Structures are given as structure tokens and as C-alpha cells.
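Down below are the structures I want you to see.
Two complexes are shown next, each including chain A; its partner changes from chain B in the first to chain C in the second.
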Partner chain A sequence: MALIATLLALRKDARILKLPPYLSAICIIVGVAWLLVLPLDEYSRNTYVSENALLPGQVHTYFTGSEHNIFRAYRHEVAGLADRSVEERTQRLSDIFRSSNLKVATQRYSYQAAGRNISNQNVYAVLQGPRADATEAIVLIGAWTNMDGQINHSGVALVLTLARYFKRWSLWSKDVIFLVSGDSTSGPQAWVDAYHDSHNPDTIESLSIKSGALQGAVAVDYPAGPWGHRYDKLHIVYDGVNGQLPNLDLFNTAVNIANGQMGISCTLQRMWKHGDSYQERLQTMLRGMISQGLGHASGPHSSFMPYHVDAITLQTVGDGWHDEMGLGRTVESLFRSLNNLLEHLHQSFFFYLLLHSKRFVSIGTYLPSAMLIAANFSITAIALWVQSGRSTSPIPNPASTSPPSTKANEKPETTMTAVKTPDGSTTLIPTPLLSITERALFLPLSFILFTHFLGLLPLYIFNNTPEPYLRLSFETTLALTTALPLLIARALSLFHRPTHQETTLIQCFSLLLLGMFLAALATLNFSLSFLIGILTTPLSFVRASRNRLVALPALGVLLALNPVVVIRAATVYWGKDVVEILVQAAEGWHVWGLWTQVVVWLVWWPSWFAGAVVVGSGLFA
Partner chain B sequence: MAPLLLLLSLLLAPLALGEHTSNWAVLVSTSRFWFNYRHLANVLSLYRTVKRLGIPDSQIILMLPDDMACNPRNAFPGNVFNNADRALDLYGDNIEVDYRGYEVTVEAFIRLMTDRVSPDMPRSKRLLTDDRSNILVYMTGHGGNEFLKFQDAEEISAFDLADAFEQMWEKKRYHEMLFMIDTCQANTMYSKFYSPNILATGSSEIDQSSYSHHADNDVGVAVIDRYTYYNLEFLENEVRQPSSKLTMGDLFDSYDEDKIHSHPGVRYDLFAGGQTAARSRLVMDFFGNVQNVEVEGGVKRNETEWQDELRAIENMIAEAKKRHNESLHTSPQHASVIDEVKEQEAKRQVRREGAVKVDEEEGWSKQIIGAATLLGCAGAWLAASFLESV
Partner chain C sequence: MDRQKVLLFGAAAAVRLLLFTAFPSLPHLLAGRVEVSTPVTSFKRLQEGLFLYTHNVSPYDGGVYHQAPLLLPLFSLLPNPSYYPFATNVLFTVVDLLGAQALMQIADSGQSVKTRLFESSRKELRWSSLAMAAGFLFNPFTIATCIARSTSALTNLFILAAMAKASQGASITFVFAIAIASYLSMHPVLLFPPLLLLCYHVRASKSASAPSLLSFAIGHAGALASTCGGLLYVSALLTGSWEFMRATYGVRLLLPDLTPNVGLWWYFFTEMFDSFREFFLGVFWLHVASYMPGLTIRLRKQPLFVAVTLTGVFAVFTPYPSIADAALYLSLVPLFRHLFPLMRYTFLASATILYASFLGPAFYYLWIYAGSGNANFFYAITLVWSLGLSVIVGDSLYAALRDELDVERPELKGKEVKRI
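Showing the complex of A and B:
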């Protein structure tokens, strides 16, 4: 009882409000440190194939010898189609598939994004498993152009050759679909959407042939021209749209087969050299996190992930001694493994960070990091809520044993109220302690609501502006968002608003929402949550202050961390054109179903805006 | 006198060694799915071996939960191999699978062993053994400490198995049993047995895995387990004739832990005569078919004797009842109970048919009639042949 009473008494202690900033800071420091220790051996694990049925690399591959001649012939066929029209190309590819006795179909699609028209055609062929029951299928993709816009000569030729080769085996327990998509992002998206009947039939043609439920997809990206090119490594690309990842078993199987069976080393996240040191692991992880955080499509495989179809892209990189037949055999063995599957890939992880082709961290280990960052905002929000309910006049502590300072003696005594306790005695309590402070909620709530609705404006503008106007609208937004908080703060100060309590409440609600959003997001897209969490950490510590020495640096930091400024800085750092990024984002919004901009404009930007207005209001008060 | 005794002991010697009159085999794979190909290959290999050594299909219960031969993933449709050399197709065209697919359950297995089956269960799915039957029980699948998984859906525990075997003993369903199991932590499966005359052996100790022997890279899966592989190696290479005199001890001594990669175990303590007796049993006592015949007693049985005895008992009861009634004026309940008993006895009399004791004296008249009939026939034949010759 006594303990509870002591704890309850502590609630009113003024010192308790001094604690939260330190708690928040500890959360952030631990959260970041947590991420930094992940690459250590103690916190990461070696990858392993968890699904018994896969049996990677247990079969002999026979894709050699005369198949090589066929491959070379197809590669010249493909090269001959490079400068032909889409119609002619589709026709010829269909004929080749048909000559292998496969059922062939084509699909036209067109999308509108950023004022551009993306239209092309997909060709695909279905190999019906001779003894299969046609309830499941696996997909082999060769996009006509890869992510860099190069024609995927050898990749498409390999798909054609493998189609012919696979047709001769009788051991398929699932149908195999060979897809030559028009490009690397919208083509597979149109196809997979239509496969699941979730397309818009006005612009995207429905599929005339279908097979069973898709169990996995593998894309080949091998742009070597008609005379071939020997490569050094396989670059396995696995990021899906919105940071969704394929089951780790698929990645592990690919690495296991390429590395263990074929002797082709594998790499990931553009780490062309990976010595498995701490630094390289950390770099791989951070690159993976940025790629996941952006949520963009990273290859033809990305479109499959939203439909829970595990998919990866095998990309050839570097100059080495591995040839196209090695890649073909890798794909053959990979498909034999997928063919062994009895149920959807589910055994291994869907949430992971890869540090190396054979090392990973699972969600249980890394999640606390982003959660701690998110928790820091919630802690501050709660502290601010408590603070907003406190009386502003100081409450003396009559029971204090320390001698009152001389300054306190000069001031008049605080008023005291006599209170009768149930047992008849009377006690004197400082009046401010008994007074109830009302919270003025109208302005803070309407302000937060307004801010979040304001975020819809840039969201709409950037998703629908035609390409030529994108630069202009971006620079305008950059200037406007920088000036707007100060203008709003100035405008509010004309009405002698907001009061100290209102600024506290604005900040409280803003941080409360931010903390909740980020915690929820951490379970879906850890990287995005973590990155935004880190970029918004100053919001936990800035306060409306009249002291210019405090307010101006705070404002400076906030203006530098304006989401628009951050995007600009990032494009400069990575040497990208901002328009290119915006066009891709618009394409993502209209074609892939990308959600990153929603998080940026409706979570990140409003919280930053509220914080900046709070700091600005201190300046103008 | 002494030579007579010697002769007698010589005559009885084979009887003492092989007291069983039939051999049965229960071969169980408990796992399905393509990647468990080797478990089905294990069982089919054993099936082939016991068949070769003489146990007929009618006395082999084969439980296969999956059909590897017809799996679409099988690069060799219709075939199952237990070796990468693919010299021997285990599936062939003469396989009798008694329990297949989802019929292979813990319940079905225990019902089979204890013969608690419904009356319409076909004979091919029953273990029709008696107290003179030797049974080989071979199981393989995925297991753990004191359990064996059945088809990803359920598991049989070591206790279930021990209780089932005890029930078999109580029901006189076996004479001697060889229990052989190839699974991870296999030796725990027989650790709970408590019924006599069971010789048990397993592939690995507690906390030990059992490993596959090798994979066939064209089939794409492991084709046989190590323990089974080396058992088969012994059985195929050493036990070539049904007349083989190799003992179980020889088989157990052939286990090489370096080759099997786990520690196989043998449990002798339940066996009558312990280790020495168990080790001296012939391999053929369990893996082959031995045709020992036992003539019942050599004494003429009288099927009507029990009726006489029953009548005597009834008289005794009637006597007792009379005495009781005289002393107590008892209620009529007893009488009705006895009536019921009588009715049941009457029913039983109707049902049972057997040899009846024939009165010798009554037979004479029937014999005279028979002789006269024969004489009449002979006369008719003579007359007919006489008439024909005319």
C-alpha cells in the first residue's frame, strides 16, 4: 500500500517531467546501436534451406551440349528482332514458342503515368505438366528490356531455349509458364494483375490462357548481345514493391544451387565485392534497407510479390568465365527444386535483412530497433500530454528539506488551501496543486487534421503532374514547404495564438500519430519505418522557445530535414535526376501500387510540418 | 535305454529351436511426400527381401502412405529404386500394398496388430497370427524421442506401441517378434516394451539422427536410409538360401557404426533366454518362412464329450438348486437365468458341427444294407452285360 501511495504521489512530482527526453534519447541511441550490432556474428545467422521439399542441387542437370547450339540460334533470332516493331516481335516469339509445342498467348497493355503512355505486349507460353493436375504453376520470366532499358538478348533467348528443353521432360508436377514481358516493370505487373483478374480490362488485355496458382517466379536478366558475354557472378535481386520480400527459402535455394552446384558465386544489393567483413555486411544491410524503404520495383520479379508469389531475378554481372549454359543449368536446377514443392513456400522467413548471400538477420532480431525509434515519439507525446495538463505557475514543495533559496524568500508565499482529511486532521496544500487545468483541444486537433489533409495536395500533384512540369512543381513545393511553417506561425501569432498549452498539444498529437504510424509500419516495411524514424528524431526534442539561441538552430535543423529537402539531397548524393525519381514514383503509384509516397506525404511531412510550426510559433510569440 | 533317450533328444531338438509354425511380416512406412522417397524405398526393399526368403504376400502386411512410382516428379514413371545404380526396380509388377495412402494411420496400425477390426475387413488386411507365429515388424519414417510420426498428421508413441504388443501377447497373437525400426532416435521407440519374447533393434540412440545413405541425382532424392541399407546388404549378401543358418547375432554383429553414422541398438531382455537365446535365433526365423508343422496332441478328440460334461454340470446345478430351494424357498430368478444359459447352449449346439460318436452296435444293420445294395448293383451290371452279349 505504502509503495503504491509513494508511486502515486510521485505522479505530481515536477521532476517526473524531466525524465522523458532522456528516455527518448536512450530509445534512439539503443535503436541505432541495435542496428549497428546486427552484422556481428553473434546477432546474425547463416542462411539455411528450411523447406524439406526443395532439395536444392540434388539433381543432375542436362542442359548442355546440343542445347547450346539451339541457344545460340535463338540468341540471333532475338537479336534480329531488336529493331522490329512490337507486333512483329510478338509474332516471332509466339512462333518460336509454338514450334516447341507449347500453348502460346499474348497480352497488350497500356498505362498512363506522369503524362507518359507505357504500352507494350507480353508473350507467354504454358507448358502443361504431363502428369500434373494443372492446379499449380511456376513462372520463368525474361523481360524484353531490363531495368536499365537494355535489350535482354541472352535472357530472352535462354527462356526460349529452356522452354524447348523443359517440354521434353515428363517430370513436371506443376505447369511451367514462360513469360517474355514487354519491359521489366509494367509488363510483368500487367500480366500478373490479369492472371489474378485484378486488372483494368479497358487498358490491359485479359489473359486467354491461364494455369493454376502461381507458386514461384524466377526472372533472368542477361543482356549480353548476339555474340555473348561471359559473366563473373550472379546478382540476386529480391526486393519487391513496397518492401515486400520473397520467402528466404527461394533466395537460399538459388544461392545454394548457383554456388554449391554450379560454382557461380552470388552477390546481392550491388555489392560486387563482398569479403564478409563487418563493414561490408553493414553496407549490404544498409543498401538493402534503402532499397526496401524506397519500396520501388527492382526487377521483373517485384510485381509478383503483392500476390504472395515468391520471386527473384537472376542478373549476370561482371566479366568472368561463366557462360549462358551455367545460368541455364542454374535455372533448370532451381525449377527442379520448385517442382518438388508440395505447398506454397512458407517454412522460412518473409521478413529479413540480408548481410551476405549466406548470412541474414530475422525479424525477431532487428524489429526492436525500429520499434524503439517509434517508441521514443510515443514517450515524448505522453510527456507532452501530461505537461499540457499541468498548471503553469510553479508549485513549491513545502516538505522540502533543502533550505529555501534567497530568491524564493523574496517572492510572496504561494496561496495554501486547508483540506480536511477523513480522519479529522487538517492539512495545507498549495492551491495550484489542487486546481484543474483545462486543455484547449480545438485548435491543436483542427491544426493536426488540417496538416494531414494538406499532405494530400502534394501527393495528388506529384502523382498526376505530366513529366515536363514535374521539375517546376518539385522546386515550387521545395520553396513552399520551407516557407509555409514560418508563414503559418506568423499568421497565428497575429491572433496571439497558439498559447503555450496549444503548442504543446499540437506537438503531442503530432508525435502520438507519428509514433503509432511508425510502429505499425515497422511490422510491414521495417526499413521505411526506421529511415523515417531516424530523420524525424529531432521532432522529439524541439520545443517552442522564445530564446532565439535555442529556436534558430532548432529551426535550421528542421528546415534541413524537410522531406522535400531530404529527397533533393538524396538525389544529389546518388547523382540521380529528381525528375527521373518522380516519374518512377508516379509510375509506381499508377502501375505497381506503390505506397511510399503516401507514407512520405501523409505521415512524415505532416509531422515535420507540425514540428516546424511549433518551433516557428516560439520565434514569433 | 540310453540310445533311446539320445534318439528322443535328437528328434526333439528341431522342435525346441523353431517352435513357430508361421512367419508374418508387417512393413510400415509412415511418411508421405516426394522428398520421403527413401522411406518407401526402405519398406519396399524389405518387402522384396522377405518375399525372396519365402514369406508369401498373404502373410505380409505392407503399409505405404504414398505412391512414389506414380508421382509426377518421378523421372522414371512406375519405378521405385533403392540404389543409384537403378539395377533393381522395387515396384515391379508383383506388389501387394495392403494399406495405402490415408489408410495408413496410427489407428489402422494398432487395430491391425491387435486384430480389433470390423467383421468386413478383408483377410488381406488382417494379421491372422496365433501363438505359433513369428512376426517381423519393420517401421520407418520420421520420429523423435519416444514417438514416430504418421503422415504429418499424428504420431504413435512408444507407450502406444508397447501396449499394443502387450495386448498381442495376451491374445496369443505371436510366438516371437522381431521389432526393427529405422528413424531418428529410433531406440527410444522400443524402450517402453514390456511384453515377453520381443527382440527389438533400432537405428539410432536418443538425440541421434538417422541418415540417408545416398541420393540418386536423376531421381533427385535420397533413395535409402543407412541402417536399412546395411541390413539389406547383410540379408542380400549373406542370407542367400532359405536354409541359411546365420543367426540374429550375426546380423547384429554386422552393424558398423562408422558406416551407419549412428548407434544402432538391440534389446534382448524381453526375450526368453535373454541375449544368448535371442542371438542364437536364426535370421530365417523372422525374415523367412519356416514350415514347421505341429500335429495337435496326437490324441483322438471327442467332440461330443463336452456335451456330456455340460449335461453333468447341468445336473449338478439342478441338484444344487433343489437343495437351495429346499432350504430357502428361493425366488424364481435363478431358474430364469439357467433357462437363458440353456437357450444359449442350445444355440451353440445348433451352430457347431463336428464328429459325433457313433454307436458300434447300431452299425451292423447299416452294413448289411450296404452290402446288399452293392450285391444288387453287381447283379444288375452282370445281367446287363449278359443281355448285351446276346
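Showing the complex of A and C:
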């Protein structure tokens, strides 16, 4: 009781309001430090396969010998199709599948994004498992072109060879689907959408033959030409759309088989050389986080993830001594493992950060860092709420030992209220301490609503502008978003608004919403939440200040952290063309169901805008 | 004043109709959300019942439809909502507007600050009835309920109408409204005693000689019983048997459908061994019902506050609550604007509710669609949601008691109270 009374008494203390900025800063520092210690041995774990039905690498693989000759023949077939029309290619690939005694079907699709027309055809064949009842299926994908636009000669040839080879085995207890998609992103998307009947039948053809529920998918990306190329490592790509990840067991099985059974070393996140040092682990993790945060499709496997189908892409990289048969045996062994599955992959982790092909951090360990960053905004919001309810007139401290400032000397005494105590004596208490300040909520609430609706405008524009106008609209947005907060602040100042309390409340609501969005987002896409959280941290510390020495640097920092400026800077840093990124984002919106731009324009941008207006209003007050 | 009201109602109707027409897939999407539509209020299930009804099959045969039988002839008058949704959309918009009208009548009656036996010392602290109506009409939860065309919108309308009529002392319409609300959703019958008391106070203060409370109560209870009986009898005539009782009130009482919702029952009863089921059903219902007598006796001087608090209790503790129940409670709480300075956790509670409203759909997505979470994720967030609502209920109760204390013992005003 005494403790609660003390705490309640503390609420009235002015000093308690000085605390939140430090608390916020501590949250941010701990959050970032948390992330930085993750690569250490003490905080990460070695990967392990938890689903014991998988039994990775326990079977002998027979994909050798004469299969090699068939593979080489198919590779020449594929090379011959390289400059043929889509129709001819589809026809020929169907014939090859059909000659292996498989059921074959094709699918046309076309998408419109950023004024571009993406249309192509998928070919797929279904191998009905001799021991299966058509309730479950696993998919082997060879996209016709890979993510870099190269023709996937050997990858497609390998799919064709494996289709012929798998057909001869009697041990399949799941159906196997072989898919040669028209490209690496929209093709698999059209196919998997149609497989689950969630496609638009006007532009995407429905599938004429289907099998059971998809249990897993593996894509092969091996763009070596008709004369082959010996590779050094397998690069395992695992990021899905919107930062969704496949079950860690699938990744582990692939690493286990490639590494342990075939002797092919594995790498991830474009870390071609990985010495397992702290720095390399951290770099891998950060690259993984950026890839996850952007939420873009990173390979043919990405489209499968939203349907809860675990999928990875095996990509060959470097110059070495491993040949196509090694890759074929890896895929064979991987499919034998998936074939063993008794139920959907569920044992292992769905949320993880990989540091190395054999080291990971699980969600319980890393989530607190993003949550701490999100909590910092909530703490500041609570502090601003309390502050907005405080009386603005100063309360003198009669017990203060420091001499009162000159300003206080000019003013006469603060008004005092006489209060009778129960024992009959009278005490004088400063009136501000007793009065309750009413909060004017209308302007702050409508301002916050307005900024969030304003974000819909750029969201719509960037998703629907044709490619030739994208650069113009981006530069216009860049200029407008930089100038708009100052213009709004100036316009508001003409009406002598917002008052000090209103700016405090605007900031309070904006940060409250930001903290809430980021906390919810952290559970869906940790990396995006963390990245936006880091980029918006200054919003916790800037205040509307009339002192130009304080306000101008704050404004400078905020203008530099304008989301549009950040996107611009990121494209310059990675040497990408901004139009290319925007076209991809528009494609993501229309084809893959990408949500990153919603988060950018409806969460990040409004909170930045509110913060910038608050700082700007201090300048004009 | 009147122009403002027209403007407000027009804007609210425009927002709803715009959402209906601009996003034609939105009603379908929202009607499928577990937070908005429960097995006993879902519009999709109503359509199923309607289909069976218009094909001369008992609507309760499929085991899908659990709503009141009299809704069927009403909705069968409208064109089929799958092809011509406009009439249904207008109906639900009008229901919301009528609810707002009733809310304005409650606010205008001033019963929240000054009753016959009690007058708050802070009674000048009030929001206008227009602001209250705006809070109801533009509450995102109310809009979501309206767009999802959940039939809890109708229940909310009749609860609000009953409160409005009780606070005006209009006995007949009050009994009629509460009878329909109880007929539709059963649990509103618990609002009868506090609202009866409210109606009695208003009538007593209007007439010179107060009628006897006992005869007043018996008369009204009799009227309620006969109205409800009449409604049930008409329902039985309509469906041809009394089978509907089992499918409607039986489902509400015995919880056979464990579809997740924002309440606390479904998870608990999923986990429970069958042998304990009856016992805990009894305990849970007893718990919900026990608030009514306790609050009505303790706060007999402020019966409107009791009724409002009970709607908050319903939003947390009934078997099939949805955000519609929370919307009703959160729109009624501002009637007690004068208690806000006494409440201690407003920011905490509202932040909790906001957090839960964002995290709830996220966790449901992780559980059902992404498959990377499980039922515990969603249940945890419904616990947080219920916590937020119950903090508001508890905190406002504290504030109401404190307000009474300030009137009874003015010398204690402004002092810290101690729990003993």
C-alpha cells in the first residue's frame, strides 16, 4: 500500500517527465545492441533437423551414369528452344514430358503492371506417385529465365531429366509436379494462384490437371549453357514475398544433403565467401534482414510461401568442380526426404534469422530488439500525453535553494489557492497544481487522420503510374514531400494553430500509432519493423521548439530521413535505378501481393510527416 | 443545431454507402472476419437461413443458422443481397442512424448526470448529444459492423432505443424495445431491471406522486413477459415448431459452436473435458448474470450507469461477443464525460484496446493463413482486448463510486482513497 501511495504521489512530480526521453534512448540502444550480439556463439544456435521423418541424406542416390547422357541431350534440346517463340517452346517441352509418360498441361497468363504487359506460358507435368492417393504433392520448378533474366538452360534440362528418371521409381508416396514456368516471379505466381483457385480467370488460365495439397517446392536455378559449367557452391535462396520464410527444416535438409552427402558447400544471402567470423555472420544476418524487409520475391520459390507451401531455390554459383549430376543427386535426395514426410512441415521454426548455413537465431531471441524499438515510441507517446495534460504556467518551488531567475522576479507571485486541511489550518497551494487541464483533441485527431489518408495518394500513384512517368512522379514526390511539412506548418501558423498542447498531442498520437503498427508488424515481418523503427527513432526526440538552434538541426535530420529521400539514398548506395525499383514494386503490388509499400506510405510516411510538421510549427510559432 | 445534425447523419450515411459501393468485396471480407461476425450474428449465416426459408425448408435444419426466426420474413422482403445488395445496405445504414438518434435522446435526457435521487457535482462537464452521436457513427467498430451487415447492429439499435425510452419515461416503447432486443440476443434481458429503475425514476420525477415501485415493476415485468411470449409464439407459428428455441437460445446458452471470437469462452471450452462442460457453462453464465443484481443494488441511484456498465460486461463475458458489443459500450461511455477526470487508466486502457485491434488481425493471420502461429497467439490477444475493456469497466465503476462519495461526503473531495 505504501509503495502504491508513493508511486501515485510520484505521478505528480515534475521530475518524472524528464525520464521518458532517457528511457526511450535506452530502449533504442538496447534494441540495437541486442541485434549486434546475436551473431555471437552465446546467442545463436547450430541448426538441426527436428522433423525426424525427413531423414536427410539417408538414401542412396542413383542419378548417375547413363542419366548424364540424357541430361546432355535435353540440354541441347533446351538450347535449341532458346530463340523460338513461346508457343513452340511450350509445345516442345510438353512433348518431352509426354514422352516420359507424364500427364502434361500448359497455362497461359498475363499481368499488367506499371504499364508493362507480362505474359508467358507455364508447362507442368504431374507424376502420379505409385503409392500415393493424389492427396499430397511436391513440386520441382525450373523457371525458363532466372531472376537475372538469363535462360535457365541446365536447370530446365535437369527438371526434364529428373522427370524421366523419377517416373521409373515405384517409391513415390506423394505426387511429384514438374513445373517449367515462363519466368521466375510471375509465372510461378500465376501457377500457384491457379492451383489454389484464387486467380483471375480473365487473364490467367485455370489449371486443367491438379494434384493434392502441396507439401513443399524446390526450384533449380542453373543457367549454364549447352556446354555446361562446373560450379563451386550451392546458393540457397529462401526469402518469400512479404518476408515470409519457409520452415527451417527444409533449409536444413537441403544444407545437410548438399553438404554432408554430396560434399557441395552451401552459402546464403550472396555471401560467396563465409569464414564464419562474427563480421561475416553479422553481414549475412543484415543482408537477410534487408531482403526480408523489402519483402520482394527472390526466386521462383517465393510465390509458394503465401499458400503455406515451404519452398527454396537452389542456385549454382562460382567456378568449381561440382557438375550437374551432383545437383541432380541433391535434388533426388531432397525429394526422397520430402517423400518421407508424414505431415506438413511444422516441427521447426518459421521465424528465424540465418547467420551461416549451419547457424541461426530463433524468434524468441531476436524479437525483443524490434519490440524494444517499438516500445520506445509508446513510452514517448505516454509521456507526451501526460505532458499535454499539465498546466502550462510554471509552478514555483518554494523549497528551492537556487535563486529564482530574473523572469520569475519580474512576474508577481503565482496565484495561490487556500485549502483547508482537516485539522482546521489553511495551506496555500499554487493554483496550477490543482487545476485540471482539458485536452483539445479535435485538431490533433483530425490532423492524424488526414496525414494517414494523405498517404493513400502516393500509394495509388506509384502502383498505377506507367513506367515512362515513374521517374517524373518520383522526383515530384521527392520535392513535394520535402516542402509540404513546412508549407502546412506555415499555413497552420496563419490561424495561430496549433497551440503548444495541440502539437504535443499530434506528436503523441502519431507516435502511439507508429509504436502500435511496428509492434504488430514485428510479429509478421520482423526485419521491416526493425528497419523502419531505426529510421524513425529521431521522431521520439524532436519537439516543437522556438529556438532556431534546436529546431533547424532537428528539421535537417528529419528532412534527411524523409522516406522518399531514404529510398533515393538507398538506390544510389546500391547503384540501382530508382525506376527499376518502382517498376518491381508495382509488379509486386499487382502480381505477388506485396505489402511493403502499404507499410511505407501508410505507416512510415504519415508518422514522419506528422513529426516534420510538429518541428516546422515550432519554427513559425 | 438541426442543420448540424442533418450534416452529421448525412455524412455518416454517405461514408457507409460509399464504402459499400466503392469496395464491393468489403462486406464479404468483413462478414468473414471472426472479430466482426460470430455464429449468432453473421450475415452469411443469415443468408443461408434465408435461402432455406424461401425454399420452404426449416431454416434451422442445416445447423448453420442460429438467429431469431422473425429476421427471416424481414429480410425476405428485401431483394436478394447477393445480386441487389443496395436495399440491405440502406437498411443497415438506417439502423445505425436510428441508433445514433436514440443515443442523442439518451444524452439529451441528462439522466447520466442527474437522476431523481442523485446529482453529480461535476454535472456541467458534458459533451453535446451531437458529439456523442458522431462518436457512435464514426467509431470504426460501428462502421465495420455496419459494413459486415452483422445482425448485432439490430440488437444494438434496440438496446439503445430501450435506454432512450426508459430515460424519457416512455414505458410502453421501452418494454417493447427491450423485449425485441432480448428476443434477438437473449442477454439484453439482463438490462431490464436497471432500465426499469431508470424508467421508474423518470416517471416519479415527472409526476407529483410517485407510483409504487413494486406495482410498477410487476406491471412492467408482466408486459415484458407477455411481449416476449408473443414474439416467441409468432416465431413458432412462422417456423411451424418450437424447434427454433434450441437452435437460437440453445446455441447461445450451451455454446456448441466453438468458432473463435474476441471473447473468452471459445478457447476455454475447446480445451475442456466434456464431463466438466455443463458445470463450467453454469459457472460462466452465472458470472455474467451476477453483475446485474450487484450493480443495480449498489448504484441504484444511477441506473443508466448500471445499464451502460452491463453492456461493457456483455462485450467481455458473453459467449459470442464481437466488436459490435464493444462499439456499443464505447459509444455509451462518453455519456459519463463528468467521470473522466476521476478515471485513472484512460490512456492505458485505450492504448491497450488500440494495440489489441491491430495485433488481433495480425495474430489471426499468423494462425490461420501463414500457419506459423497457433491458436494461443489469437487467444492471447483476445485476453488483452478483454483486459482493456474490463479496465474501462472497472475504472469507470471506481469513478462513479468516487463521484457518489464526493456528493455524500464533500469534505473528502480531492483526497486519495484507500482500498480496505
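Just so it is clear, the second predicted complex is superposed on the first by the 597 of 621 C-alpha atoms of A that agree within 3 Å, B and C clash if a C-alpha of one lies under 4 Å from a C-alpha of the other, contacts with A are read in each partner's own complex, and residues count from 1 in each chain.
Note that contacts are C-beta pairs under 8 Å (C-beta built on N, C-alpha and C of every residue); 3 or more make two chains touch, one makes a residue touch a chain.
Since the structure is predicted, the reported quantities are computational estimates derived from the model, not experimental observations.
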(request) Kindly say whether there is room for both chain B and chain C on chain A in the superposition, answering fit or clash. (result) fit
(message) Using the superposed model, give me the angle at chain A's CA centre between the CA centres of chain B and chain C, as a multiple of 10 °.
(response) 80
(request) Using the superposition on chain A described above, determine whether A:69 touches chain B (first), chain C (second), both, or neither. (result) neither
(message) Going by the contact rule stated at the top, is it chain B or chain C that touches a larger number of residues on chain A?
(response) C
(message) If we overlay the two complexes on their shared chain A, which of chain B and chain C does A:517 touch? Say first, second, both or neither.
(response) second
(message) Taking the superposition on A as described, I'd like to know which of chain B and chain C A:173 touches: first, second, both or neither.
(response) first
(request) Considering only touches as defined above, state whether A:135 meets chain B (first), chain C (second), both or neither. (result) neither
(request) Examine A:340 and indicate which partner it touches, taking first as chain B and second as chain C; both and neither are also allowed. (result) first
(message) Contacts for A:198 in the overlay, against chain B (first) and chain C (second): which applies, first, second, both or neither?
(response) neither
(request) Minimum C-alpha distance between chain B and chain C after superposition, to be given in whole Å. (result) 16
(message) For the complex, give me every residue of chain B touching chain A.
(response) 33-35, 70-75, 77, 215, 217-218, 220-222
(request) State the interface residues of chain A toward chain C in the complex, per the touch definition above. (result) 1, 5, 8, 244, 306, 308, 344, 346, 350-351, 378, 381-382, 385, 422, 434, 436, 512-513, 516-517, 519-521, 523-524
(request) In the complex, go through chain A and note every residue touching chain B. (result) 52-53, 55, 58-60, 129-132, 169-173, 336, 339-340, 342
(message) Going by the contact rule set out above, which residues of chain C touch chain A in the complex?
(response) 341, 347, 351, 354-355, 358-359, 362-363, 365-366, 369-373, 411, 414, 416, 418-419
